[in-house]
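Got some structures for you, see below.
Presented sequentially are two complexes of subunit A, the first with subunit B as partner and the second with subunit C.
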Partner chain A sequence: MRINEHPILEFVRGREIGFEFDGRKLTGREGETIAAAVHAAGVRVLRRSIKLKRPRGFFCAIGRCSSCLMTVNGVPNVMTCVTPLEAGMKVETQTDKGHVVHAEPRESRPGEPRDLGHVPLAVVGAGPAGLSAAIYAGRLGAESIVIDENNGAGGQLIKQTHMFFGSKEHYARVRGIDIGRRLLDELDRVPSRLMLGTTVLGLYGDGTLSLLRDGRHHCLSADAVVLATGASENMLAFPGSDLPGVYGAGAVQTLMNVYGVVPGDRVLMIGAGNIGLIVAYQLLQAGVEVAAVIEGLPEVGGYHVHAAKIRRAGVPIRTSHTILRAEGEDRVQRAAIARVDRDWTVLPGTEEELDVDTVCLAVGLSPNCELALMAGCDEAYVAELGGRVAVHGRNLETTLPNVLIAGDASGIEEASTAMLEGRIAGIEAAQRIVPNVDRSKLERMRSEAAEGLEALRAGPFGEKPRTGKEAMFRLAENA
Partner chain B sequence: MSYRSDGVLKKEDLQRALPSEERLRRGPVIIIECVEYIPCNPCVAACPKGAITIDGDINGTPEVDVETCDGCGVCLSACPGLAIFAVDASGDGETAVVRVPYEYRPLPEMGEEVTALDREGQAVGTARVTKIVNSRAMDRTPVVSLEVERDKVMEVRHFVRKKGAE
Partner chain C sequence: MRDDVIICRCEDVTYGDIVRAVERGLTTTEELKRILRCGMGPCQGRTCSRLITRIIADKTGRSIEEIEHPVVRPPTRPVEIGVLAGDDEDRRGTGAPAGDDEG
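For the complex of A and B:
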């Protein structure tokens, strides 16, 4: 179902285009992905698992998890959550590993990569951290290319309909969607170029990047690299967690706030951190019912003000509760929850069944640190930062010369801190690569960003990242 | 049960935020239901009279000088947490007005009777919509004025349109 009226967003939809799904004629809108179009048409099963033939829907909706692979125009394993719909496409449910039969003949050998030459600064990821890095490096004279695998820039900001917290100087009160636009305007004013639809496949210690663009291999070399690759959503294992209708919170936001398609009619939200609370509120704004928000811990993890918005709209928040299972024929039709004690042991006799068609998982994120590790950066596991991260110091420098890391990729926080970390990484990159850089301007910019970051992390909600980062900086000093 | 375990502020949490009965009688005033130390301060800059302050760094909780605040309500749509409400309980009438931020569609009609909801989303009687303000400066956070029974002004924080109102 498509959203027609929304309090924050105006959906400018492309023209109606026809396509085929398993022999049926369906229509979608130009500009949306295949997964969004089939979901809007009521299709939930996108493929069957290879061995057990269990139904699979999409899960992450940002091209990372492979749950949405379908056969498109005869080509199997197409990631439909990021592939744009085209008129006349032949889309099929994939039921096996796939066989290439009708595909256009390709070059028999991949051949030499196309050399894109050299750039002083390469930024991987066009989200809040990456854009900020390019803007601030640019203001100090560093020319850059910002590379992102998505076809649009802004990272997760493009789905954040709520006003941001923080201070007035750092975009507080501005909605995430508008912050993304402002960052792009600022990027326009510095010597930086966006390279979208391009996946960075590899990073080597000497600053060479290996890229996949238009189905071809390219390479680029850089004097400095800022990794701002963000994070991936965590999965939660429970019986039925692989059913179509169990979606990541980010996927629900993508479907609802980017494509204007509701995920279902009645949702169970798992996780009462800020993401769970905010997405529950956004579901209400899209006209979707939220049966409950459950949280395994005895307390709400997110800000009270976010909890209050959904509570007064009638959504119960059940702390000390977990999901036992999701059930249904080819899609979620109900879910069972129960009370847990402090050791997460289910209390007998507390089981309840909820009539829901969607289970939304907001159970945390893990930093995307693959490129840093591939390049050879030292890594460390810091629980407070969300898991494995590249070892980095206060200026976001890793253990490799001229490789910097910022935003969620360097430890899970939120977009406001990601923008400030991006600034610091961009400033540090400029210091390392811009000849005769304006030192006083640079130090002024750096201390301003560092102070802003310190303020954002100063309160009780900043304790976790603060502790994690301090531990990380100690590791970096000893490295 | 603490608000941390169910997401609803209790009387003791609100003690500092709620204005006195005497102040309520004198005219409109705002109520900020923001009790946690979170990094946020747009309300301070939003107030044209400087009636809102935050002590210490950006993580402090906002405090309203109820003598300076005239309940203009500009701050309602500036609060990212939608945690500011305005109350006009002046006069001796049986009703009073609660103004709430409302980011849903469709907006109610002027004069429409809606179901008033408390902090837990429980129905607490009927309210009448007496004003809807939705200017450009409010950036898609309209403020709806609800006329409610006077003794409900400290309970009503939201509303839902009655079935069939659309």
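For the complex of A and C:
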């Protein structure tokens, strides 16, 4: 079902196009992904799992999991959550590992040369951290290319309908969607080029990047690389957790706020951290009912302002509660929750069944630092930063020369801190690669960003990342 | 946790499969991958590796920090073999390998 009225967002949809789904004629909109189009048409089962033939539906929406693989125009294993819908496409539910139907070799496509040459700075990720890195490096004279696998820039900012906190310099009282636009305006004023729809398949220690663009493989070499690849959502395992209708919170945001498609009619939100609270509110904005927000810990983890907003709207926040199971025939039709004690032991007699068709998981994020690790950066496990991260110092330098890492990829925080980390990484990259860089300007910019970051991490909610980052900087010093 | 809960969604590996393997002495993510294929499907463990690490930690009494993570290698996402092997016009039908001439 599509959202027609929204208090903040206006959906400019592409023209209606026809496609085929398992022999049925359906319509979608130009500019949306295959998965969004079939979801909007009410389809929940996209494939069957390879051995047990369990139903699989939309899940991550960012091309990270395997839940949405379908056969498209005879080609199996197409990631439909990131593949744009085209008129006349033949989309089929996939029921096994897939068979190659077209044995004919593909026509060689004329296009860009495979070797894209050299760029002083390559930034991977066009979210808040990556855009900030390119802007600040650019202001110091570093030319850059910003690469992102999505077809639009802005990263997660494009899904954020809420206003940010903090001080004015850090875009307080501006909605995330508008911050993204402002960053792109600023990027326009520096020597930087956006390369969207491009996946970085590999990063090698010598600064070579392997790219997938328009179905072809390309190489690019860079003097410095800033990795601003963001984070992936954590999964929670429970009976029925793989049923269609159990989605990651980011996927729900993508579906609602990018494509204007509601995930379901009645949602159970798991997790009362900021993401759980914000997405619960966004669901209400989209006209979806939220049955409850549950949280395993005895307290709400996110900002009280966000919690208060959804409580005022009548949504109960049940702390010390966990999900026992999700059930239904080929899709979620109900879920059971129960109270837990401090050791997460379920208290007998507290089980409740909820009539919901969607379970949304907001149970934390993990840094996407694969590129840093495959290039050979040292790694460490720091729980406060979200798990496994590339070892990095205060200027976001990793243990490999001229490879920097910023934003959620370097430890889970927020968009505001990501922008400042991006700045610092961009400034550091410029220092390393711009000949005769303006030192005093550079130091001024660096101390401004560092002070801003310190201020944002000073509050009680900054304690966790602050502790994590300090531990990380100590590791970097000893590396 | 119920034995039939799916942990690796790509390869249909259940909680019970993993627990039994850990009890048999397979206590690293690499070993579990080789025997059960968990983490070897199209998502390359992005969905399940945290869950698997936690199960190993719970069952062996080790802390999560101590459990080795699988090695990360390119490519970051599944690609058709033709993408990497190359489909350049000039190499077609010559019998030459599609990669480097020296390869």
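Just a few scattered comments:
One rule holds in what follows: the second predicted complex is superposed on the first by the 469 of 479 C-alpha atoms of A that agree within 3 Å, B and C clash if a C-alpha of one lies under 4 Å from a C-alpha of the other, contacts with A are read in each partner's own complex, and residues count from 1 in each chain.
What we mean here is this: a contact is a pair of C-beta atoms (placed from the backbone, for glycine too) under 8 Å apart; a residue touches a chain by one contact, two chains touch by 3 or more.
Treat the numbers as computed from the prediction; the structure is a model and nothing was measured.
By the touch criterion defined above, A:L347 lies against neither subunit B nor subunit C after alignment on the C-alpha atoms of chain A. Of the two partner chains placed around the shared chain by superposition, subunit B is the only one that A:G462 touches, whereas subunit C remains out of contact. Looking at the shared chain after the overlay, A:A307 reaches subunit B, while subunit C stays out of its contact range. By the document's definition of touching, of the two partners only subunit B reaches A:Q285; subunit C does not. Of the two partner chains, subunit B is the only one that A:E299 touches; subunit C does not reach it. Using the contact criterion defined above for the overlaid structures, shared-chain residue A:A172 touches subunit B, although it does not reach subunit C. Judged by the touch definition given at the top, the superposed model places A:A87 against neither subunit B nor subunit C. Residue ranges on subunit A touching subunit C, taken from their complex, read 49-52, 54, 56, 59-60, 63-67, 69, 77, 79, 105-106, 108, 114, 199-203, 210, 212, 215-217, 232, 234-235, 237-239, 241-242, 366, 370-371, 373-374, 379, 381, 383, 387-388. By the touch rule above, subunit B contacts subunit A in their complex via residues 2-9, 33-42, 45-46, 57-59, 78, 80-83, 103-106, 117-122, 139-141, 157-158, 160. Residues of subunit C that touch subunit A in their complex: 1-2, 4-7, 9-12, 15, 41-43, 46-48, 50-51, 64-65, 69, 72-80, 82-84, 86-89, 92. In the complex of the two chains, the subunit A residues touching subunit B come out as 5-8, 162-168, 172-173, 175, 272, 284-285, 298-300, 303-315, 317, 319-320, 416, 455-462.
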